[in-house]
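I've put the structures underneath this note.
In the two assemblies presented below, chain A is common to both, partnered first by chain B and then by chain C.
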Partner chain A sequence: MGYVISFEEANKIFADLQDEYEIWAPKRFVGMGRYSDTDLIKYDKVSTVEEIEYMDKSDFPAKEVLTPISESMFYFTEDEFIESKATNKKLLIFMRPCDIHAQHHQERIYLQNGGYADMYYKRMNEKVKIVMMECTVGWDTCYCISMGANKTEDYSMAVRFEDGQLRMDVKDEVFAPYFEEKEEISFQPEYVEKNQLTLDIPEIPNKEVLTKLKNHPMWQEYNKRCISCGACTIACSTCTCFTTTDIIYNENSNVGERKRTSASCQIKGFSDMAGGMSFRNTAGDRMRYKVLHKFHDYKERFKDYHMCVGCGRCIDRCPEFISIVAAVNKMSKAVDEIVAEENK
Partner chain B sequence: MNHDIDIKKVRINCFRQSKVAGEFMLQLRVPGALIQAKHLSMVEEVCEKWGNGTFHIGTRQTLNIPGIKYENIDEVNKFIRGYIEEVDIQTCDVDMESTDAGYPTIGARNIMSCIGNAHCIKGNVNTYQLARKIEKLIFPSHYHIKIAVAGCPNDCVKANFNDFGIMGINKQVYDIDRCIGCGACAEACEHHATGVLTLNENGKIDKDTCCCVGCGECSLICPTGAWTRGKTLYRVTLGGRTGKQNPRSGKLFLNWVTEEVLLGMFANWHKFSAWALDYKPEYLHGGHLIDRVGYKEFVKHIFEGVEFNPEAKMADDIYWQENEQRGNMHVMPLSQHKHAGPQSSAN
Partner chain C sequence: MNNIMKPTACKILEVIKESIHEYTFKVAVDMKIEHGQFLQLSIPKIGEAPISVSNFGDGWMDFTIRSVGKVTDEIFRKEAGDTLFLRGAYGKGWPVEQFKDKHMVIITGGTGLAPVKSILNLFYDQPDYVKSVTLIAGFKNEDSIIFKGDLDRWKEKFTTYYTLDKDQKEGWNTGFVTEFVSKVDFEKFGDDYEVVLVGPPPMMKFTGLEAVKCGVPDEKIWVSFERKMSCAVGKCGHCRIDEVYVCLDGPVFNYTQAKYLVD
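Moving on to the complex of A and B:
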């Protein structure tokens, strides 16, 4: 059912919803951007429509709501442990279509991969209801269409932000009571139909070509350009890697807390092993790993789609102006060259 | 040509005497070193019509037009009226009349700035906007003062060699929950700044707040936004100067002060200078006045009625180190150098 409601009416609904829900949405943090007098947009709890940043793309993805950059797993004493608690409330998250698609990647890795469901993810994921933020134009770093992530019907509600009012598609019956006596309209969200960027993902026909691609000189460019900061993977909607750390409380080494913290394959030391072995020691190696993981290995394993939704946040956040789209397109060219050479 | 020219009167009008008799170089103020590009065509016109066709980029970021004949000064002053009005009176809100007489004084010198955060990725503050606010407070005054505003402690504008050297800084804020322990900030701080950050055994950052210069390298490099810029503040060096007699770099004077403190201080400059020089302007820059009065006395005057922000720090005393051009204690012919260590017999 479609409705049109004023911001004022929406804020009353927000107030009612908050008895049961935490409402999460992208929010603008003034002056907190990388450069001075620039802003940062990241997910945070909101209680009014006005707090939602719906004009600009968020710097950081919606995944942070379910898997914050660092979280406590459990607290331990000498002979027992106590698990950390998740929020008691349900989660209503405002997401763009790309973030909703990314949610499926997150679910796959945390809940289905290796026959094991991560309980910290599960307990959060069960609480989620999605409000899709209509996205019809996108930005110059978006390539959601290339990744098939521009459209989705996987939402409880969809919203179009207009000047002082919201148009909403309320699909989930759970939310119908909140909209009683609100003005009914016919409303279906629209989607991005065209991106400025397009991605040409190569088919890698066999292992020989893959091996040659891994050794291709194209990756060396990133030894000079990439500073291995990991901003791309932290901003990535689909990346899930984390590491765990035991934090020991003060002088008692048997009492402490286990935390998990986002990790990045782009940062030196990511592949360090006990005994001192380390892999992918150059920025180019790490870039190759990331690009192939996202645009080859993942699909090779799961068979359906690549590990990218085209949100373009990695491009937005890269302080060195490295574009994943350019990297993948270069890879395509390299594969063509290798295949042509093989067929000679 | 006219051989009876009051050079000092012309100098106060911002026309500098040339070695070519009867010629002068006009110095147009550019407070904060940023103006609308359209003014450049006006400058070009002055250069070509009344100057010698060349243009000099002033060392204090003025627009310098050499080769102007004394007899044309009145005409040039009329021509630049619009520029002075737009740049100083309108943009900087300077309290002075728009006239055909050119600049009323050369006293308070052009306020220099690096490009600041209007462009620079390292800049912490908008330098030209601050410079314009200071211009309003110190110009026009016959008392001499040299001020420069740097966007960050890198000090590309060499504010350190001015009477007052201002640098934009921030109290960086650390969100421990967003930190992934990559150590990039610690590395950047070590490499670019003062090395006050260390990665601890819990994979988080410890900071030696004492020696942080507030430059923001940590916020620039942080991949997660764990480091962000907090309050915009300033550090100020005092008493820097160049010169033939006793050049010296400025000494740290204020740290972590707000713009309000800075502006409050500059609002007292004219009053302090007048008092220090017994109400008779001299061709003497700010640092020399502070030397005469003594630092502690200077501080009493310059902060009259100024309220400090809680983070603010001020030098209790300052011990300048002058580079005495007269002494030349250690500069001597190579043959007179003392030697240490084994010497070859040929010597």
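Moving on to the complex of A and C:
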């Protein structure tokens, strides 16, 4: 059912919803950006429509609501394990279509991979209801169409932000009571139909070609360009890797916690083992590992789609202006070269 | 809700000092285990690490640990009667059913002997399980030799080549394990054999190449990998190589797959 509501009406609905829900949306933090005089846009709890940043793309993805960059798993008192607690409320999250698609990748790893379900993810994921933020234009770093992530029907409500009012598609019955006596309209959200960037993802025909691609000189470019800061993977909507660390509280060494923190395969040390063994010791090797994971290995394992939704945040965040689109297109050329050489 | 990351408290029954840096911890456990699997061992406030099971029986498991990191150093301070926290067992272990009635060639480097100790004991205790066992076990030097008693015992029933990388030792060979692969008469085994390789990555790489050079087909070679892990259940991503997760699809891999994996 479609509705049109004023910001004032929306804020009343937000107030009612907050008895049961935490409302999360992209929010602008003025002056908090990484460079002087720039803002930061990231997910945070909101209680009014005006707090939602709906004009610009958020710097960081919606995944942070469910899997924060740092999360406590257990609290220790001597050697007793006490599980951390999650919020008691349900979660209503405003997301663009790319971020919604990314949740499927998150679910696949946290809930399905290997047949093990991660409790910390599951207990949050079960609480989620999605409000899809209509996204019809995108930005110059977006390539959601190439990834098939520009459209989705996976939402409870969809919203178009207009000047002082919202047009909404309310699909999920649980939200119908909040819209009683509101003005009904016919409304269907629209989607991005054209991106400035397109991606040419190579088909890698066999393991021999794959091995040659791994050893292709194209990756050496990143030894010079990539500074291995990990900004791309932290901003990535689909990356899930983490490291667990135990800490001891300064005030009392009998008490501490086990926490997990987002990890990046782009940072040296990701694969280091006790005893000194390490793998992928150059930025080029690490770039190869990331790009092949997203555009080959993941699909090879799960068979259906690649591990990228084309949100372009990795391109936005890279301080060295490395574009994953350019990297994949280069990889495509390299595969063509290798295949042509093999067919000689 | 079931929390797969939450370990169980288990009592240490015995600590056996194998060498200066390698101790075996015998722990009372009631978890199910298969040959070649591993568990996550942890100490609250210190951390967690994946450790392979070197031997097991009814209600107990052995973990042979090298003190090379924060967690393992702390485990070394533990004594019989102390507690270790365990979760698992995880991963795909040795295909022991496939090993039945075959000639087995087992090649190990250093502590790589630990993940195969339980199958060596299986073959030792049940002589009809396999047709024969050839064990090539290499160590860096005399100080790094582990399972001394077992090595002596296995000598009685198995064909053995024990070697130190560079040092001399009475009754032992000198040289890398790769140098002894060609001493195995694979032809004599016909089609009826399997090869197991475990050790540091360079050792496995070169021993694999050497075995292939000696005419061993890829599908008869089995390796066990060791990688950094935080979760051991396919979530943290640290152990992923190409499309496989060492924690889920390994640690034991057939060489047909392993030879293509590039970290």
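By definition in this document, the second predicted complex is superposed on the first by the 339 of 344 C-alpha atoms of A that agree within 3 Å, B and C clash if a C-alpha of one lies under 4 Å from a C-alpha of the other, contacts with A are read in each partner's own complex, and residues count from 1 in each chain.
Please note the rule applied: a contact is a pair of C-beta atoms (placed from the backbone, for glycine too) under 8 Å apart; a residue touches a chain by one contact, two chains touch by 3 or more.
Source: prediction; values computed, not measured.
With chain A as the common reference for superposition, the partners chain B and chain C occupy compatible, non-clashing space.
By the touch criterion defined above, A:Thr245 lies against chain B and chain C together after alignment on the C-alpha atoms of chain A.
Once chain A of one complex is fitted onto chain A of the other, the partner contacts of A:Met218 are absent, as it touches neither chain B nor chain C. Between chain B and chain C, C contacts the larger number of chain A residues. In the superposition on chain A, A:Arg301 makes contact with chain C only, while chain B stays out of contact range. An angle of 110 degrees, to the nearest 10, separates chain B from chain C at the C-alpha centre of chain A in the overlay.
After overlaying the two complexes on the shared chain, residue contacts for A:Pro319 are found with chain B alone; chain C is out of touch. When the two structures are aligned on the shared chain, A:Cys265 is found in touch with chain C, with no touch to chain B. Looking at the shared chain after the overlay, A:Ile234 reaches chain B, while chain C stays out of its contact range.
In the superposition on chain A, A:Ile69 makes contact with chain B only, while chain C stays out of contact range.
Once the two complexes are overlaid on the shared chain, A:Gly275 sits against chain C while remaining clear of chain B.
Figure legend note: chain B and chain C, brought together by superposition on chain A, show a least Cα distance of 10 Å. When the two complexes are laid over each other on chain A, chain A has residues 243, 245, 247, 263 in contact with both chain B and chain C. Taken in their complex, chain C has these residues touching chain A: 1-7, 9, 42-49, 66, 68-72, 83, 85, 200-201, 226-228, 230-231, 233-238, 240, 242-245, 247-248, 260, 262-263. Those residues of chain A whose C-beta lies close enough to touch chain C in the complex are 73-74, 76, 78-81, 83, 109-110, 113-114, 116-120, 122-123, 207, 210-211, 214, 240-248, 253, 255-256, 258, 260, 263, 265, 270-277, 279-280, 289, 292-293, 297-298, 300-301. Contacts from chain A toward chain B in the complex involve residues 29, 31-37, 40, 42, 59-60, 68-70, 227, 229-231, 234, 243, 245, 247, 261-264, 267, 317, 319. Across the complex, chain B meets chain A through its residues 117, 121, 123-126, 168, 170, 176-182, 184, 202-203, 216, 219-226, 228-229, 232.
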